[in-house]
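Chain naming follows the written order as A, B, C and D, and within any one chain the residues start at number 1.
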Amino acid sequence: MIRFECDYSEGCIDKIQQALIATNLDQTPGYGMDPHCERARSIIRKLCGREDAEVQFLLGGTQANATLIAAALRAHQGVLAAETGHVNVHESGAIEATGHKVLALPANDGKIRAEQVRNALHAHFSDSHAEHTVQPGLVYISEPTENGTVYSAEELKAISAACHEYGTYLYIDGARLGYAMAACPEITFPLLAEVADAFYIGGTKVGALFGEAMVILHPALKKDFRYILKQRGGMLAKGRLLGIQFECLLEDDTYLNISKHAVDLAQQIREAGLNKGWKLYSASPTNQQFFVVPDAQLQILNQKYSYDIWEKLPDGHTAIRFCTSWATSQEQVQALVADIKAL
Amino acid sequence: MIRFECDYSEGCIDKIQQALIATNLDQTPGYGMDPHCERARSIIRKLCGREDAEVQFLLGGTQANATLIAAALRAHQGVLAAETGHVNVHESGAIEATGHKVLALPANDGKIRAEQVRNALHAHFSDSHAEHTVQPGLVYISEPTENGTVYSAEELKAISAACHEYGTYLYIDGARLGYAMAACPEITFPLLAEVADAFYIGGTKVGALFGEAMVILHPALKKDFRYILKQRGGMLAKGRLLGIQFECLLEDDTYLNISKHAVDLAQQIREAGLNKGWKLYSASPTNQQFFVVPDAQLQILNQKYSYDIWEKLPDGHTAIRFCTSWATSQEQVQALVADIKAL
Amino acid sequence: MIRFECDYSEGCIDKIQQALIATNLDQTPGYGMDPHCERARSIIRKLCGREDAEVQFLLGGTQANATLIAAALRAHQGVLAAETGHVNVHESGAIEATGHKVLALPANDGKIRAEQVRNALHAHFSDSHAEHTVQPGLVYISEPTENGTVYSAEELKAISAACHEYGTYLYIDGARLGYAMAACPEITFPLLAEVADAFYIGGTKVGALFGEAMVILHPALKKDFRYILKQRGGMLAKGRLLGIQFECLLEDDTYLNISKHAVDLAQQIREAGLNKGWKLYSASPTNQQFFVVPDAQLQILNQKYSYDIWEKLPDGHTAIRFCTSWATSQEQVQALVADIKAL
Amino acid sequence: MIRFECDYSEGCIDKIQQALIATNLDQTPGYGMDPHCERARSIIRKLCGREDAEVQFLLGGTQANATLIAAALRAHQGVLAAETGHVNVHESGAIEATGHKVLALPANDGKIRAEQVRNALHAHFSDSHAEHTVQPGLVYISEPTENGTVYSAEELKAISAACHEYGTYLYIDGARLGYAMAACPEITFPLLAEVADAFYIGGTKVGALFGEAMVILHPALKKDFRYILKQRGGMLAKGRLLGIQFECLLEDDTYLNISKHAVDLAQQIREAGLNKGWKLYSASPTNQQFFVVPDAQLQILNQKYSYDIWEKLPDGHTAIRFCTSWATSQEQVQALVADIKAL
């Protein structure tokens, strides 16, 4: 069985493993106050061109989202998000468990548009009965989205402008950020730091064992963030494990390079699917590829490959997802491509 | 600087590191549904003598506590705990963030007594105005306690009986469980599974990189636990990292052996302190040693050692804590012992 | 200005006022433990034909909904509701503030169908990734709905059956219950007690100064409900105020009679609107009437009448709502009818 | 049975009843946006000498406390309060249900001292591990306290100064505020508006049917308060019921006069108890009187009077509370005084 079902089937890149081995017996203070975390913070600030950025490390995406949102919102505020957004559908109600509603906007390709955001904010803030409803306090988007699509720089700037017109935070979930950067060179750390009030750089799905780096730009969100990090279980005792991993990923071009590797392989799968006549379920330039595939063909593929079932369609077809990662090899993709062709 | 300030200054035991290297490129399903987690669950069930136990892995202690408590309690219920209990003082309000009050009981040595528990439960359930107050729904204890003391088997059974008389859950925080087992052989997995409705086996502070194994005995707590695990950020994408670590710790005597190593070294420090005339702040048979030390002597120790400051006392003394772990060496302890003697 | 904008523009029916005067200096115990509350409970149990029903009084609808839902759900569960449901759109996130997500279903006329409920429950409970999503733990419907429509007895039974097939609670918001009963005689207290696990009998919008009577049928929801009532601010010190009001409304046919009065008047407005050629925005047999009206005509009506603006439509029309109540007089309606005719 | 067990055994003062009758059929907008609420707000602003004060009405004390605290605190903050404070012991965990811990301070007579507050705030904000603990974000006191004691103007100013030194809010629960004002003329509305960031003027226990007037001074607490009022169930549909009651109480000296009436009668009971040789359980100058009474004497009193049992004492004594109110008559007190004398 060759697994294409997700980008977290293996452990971590070799460089991280070596660094963990090399530092294993070093003694450091706990809770993210060690030299590795400090250095990783410094690297991230430099990459963003923002010496004022607050950087804290968390263990996973659901935790990162819930912690940032708990830190950002007052009791009556909610999160504006795509109906397909991870916080809306795949976190078991983690945001609501912090007391805040997710206000879902339609999003065919996983993206919401600046105009939707502006309309929603305008509708709320111009409503004389607004106080009977949830106030959007933060806009959540994912870059790339859960559907593998990428917001352009222009789109991000437009959403950011809409948010800030109404004093609403913009927060970007970068669980797979590297793949957006690899696919669209205009997506850069300084751009994210410019448009967002906070965003996170995903490690779990981009070569790390686990871990996400939260980058906070807005002063109100920086204040006391570490209390909430601790409260939500995100303050790792051996915090250096996170610092070491982000040092490895970001001290040189590793993060971008492994993302490019995955994106290149994913594009080969895309070609193969299109050549086979499969319809794209979502037009993704990143490491996730979504196709609508006849069930009969899937039965054949099932013998050798695992992939993710996205949606059962009514007419004998299924929407599926193939994922690649740093760990995917050219050989694995070649095998899949050949087998698609031979279907 | 030799660090005795905590038991999480280093990475992990060599065996775990080797296992992580060996499995790094294996492909496995995510979220704790892989063969390593399954095997670790099976080992733990066997160690407890309870094939019906539900075992789930979490990333850290604060998360483990908040998740179990969120799963256990209804909206009007709270947690009865020692005033020194970790959930009461060192989790930044994580329990209250789940909506539940911690009802603190006096506890000079970190332990609460069965009689205290029974009195508190009786007082509540016999009060005609009880509905104006928080109902104790769960009793939280730590084994060993935050002060290094250990509940005896008899004490655990008595607390368990008091809880179950009133239909109240007993939950045991085993962040440092191995050290209690090493210090007091009557503390065993089957005993814990007998007295508790749920408990966790600590990994972070006992040789793992990170991770805690929650063992759930009560059927009502098992139901749907994984939803809440996901909601609270505890469902690790690369869940096998936790399975692998607990396989390493528990498939043989590793967990107990590294705990004994630490306890033995801690007892050498205890001797040294007592010989020096230091008063014990807490009578701990485990890997944490608490002393009341003159500040003048601490100034000398500060040049070579780090330890944890527990409480500033009024008269030129300070209560401090030394910790040992799997990573502490006989040489490090010998140096400390000699330097204490020479003060 | 004659107000048709809502059914809570005035105080209360004369009978309630007299009862409050008559009892004002009586001394009674607080918190709903007085003889008036006891008698009102007894009346409601008899009306429902359910001696086992638990009856508790709350102050308003948002509080009633949030309290019942907080009592019913575990941390990972949510509420299935019409997208137009009061809990989804008009309670400022009160449900999310209890930690629970509202899972919205499309509902053109304010009603959800048994098939929608069954499909949603089936989709969840048959999904192998269900634990990554919110589990529907309770279905919320309003009788009548926010759009004035009424679930038939058959529809209620079908929804109830769908819920109970999956072990999901059915909860009915009866803020305007009297109007559904007045409009559709098959809607009765015994029917509600048969299909629902809990429902409330609305007082605020049906002749009382304020207050709602929660009727709880399911044993698990009865247990400790008063703790949560207190916690959520619903345990009125002078609880008898609620008991007295529900005695007045329900000890004879008052509740039904005042509802019929309002419904009869509303139907006169409905006639007038239809005769004018206004399109119904919602086909309501109850005390709320929704029309699509040209803005030019509204400008004329504005001089004498207030009504509720429901939705601005794009083409020079507006959807509006007229409400009647116990306090609306035949003269007021006659004036409105004549003025609609004369437009 | 003559009831002295609480100050909410009867309905409301006659003046309020007359006003409710007189306005019953008036039509007004809902949710506290009516002319009566506006006038009551204006009166309160003038009484406080603060035109900038935001005034909102709530239904009861538990709701008032939970709503203000939910509006004030960020996720990691808690409430510093006397261990005897209403929010700590008698609200069924309402504050924790908003996600915030109550940090209890010892308080023998129901009062906390400025020095305690300053020490607690200093200890937190100077602790290098503060982020592992709950940050005090608000200090809660009651005036008068739950024990009937009264903070002097000087004490209030000192606590206020301690709070504001650390950027912590001071919030005053005035459930029985009138009785403090009646007992201690230096306690005035302008004083409360000067020292507090928010406080509420209690109606339920001082002559109203129900209702509390929240007065908010700090700009950050004013912002969007009505959203949270709605979310927590405090936005009464027929909001004018609250406006009318506070107009009646505060447009002239009614509030103070009825409070004086109750305090005068309470002092007669105090005399009687002291003459009898009863020990004061708490030295209260207000409408609550606390005594330590031999159980044998209570058995005799039980035949004619109800009172509140405060604490069972070990030696055949019980601490009890007598309450007076606007509704208590001189005859009732005379009877009690005579019967105490005759014991």
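Before moving on, here are some points about what is shown:
The rule we apply is simple: a residue touches a chain if its C-beta (ideal position, glycine included) is under 8 Å from a C-beta of that chain, and two chains touch if they have at least 3 such contacts.
Being a predicted model, the structure only gives us computed values, none of them experimental.
Steps from chain A to chain C, taking the shortest chain of touch contacts, total 1. Ranked by separation of Cα centres from chain C, the top chain is B. Of the pairs listed in A-B, C-D or B-D, the one whose interface repeats that of A-C, with over half of its contact pairs matching by residue number, is B-D. Per-chain Cα centroids separate chain B from chain D by 42 Å.
Separating the centre of chain C from that of chain D, both taken as means of CA atoms, is a distance of 33 Å. One simple way to say how far apart two chains are is to compare their mean CA positions; for chain B and chain C this gives 49 Å.
Contact of a single residue of chain C with at least two other chains is seen at positions 70, 75-76, 91-93, 97-99, 131-132, 227-228, 230-231, 235. Residues 1-3, 5-6, 8-12, 14, 17, 20-21, 23-30, 59-63, 66, 70, 91-94, 97-98, 204-205, 209-210, 227-228, 230-238, 241, 327 of chain A are the ones that touch chain B when the two sit in their complex.
Interface residues of chain A facing chain C in the complex, by the touch rule stated above, are 75-76, 78, 89-93, 96-102, 131-134.
Of all the residues in chain D, the ones that touch chain A in their complex are 70-71, 74-76, 98-99, 130-132, 135, 224, 226-231, 235.
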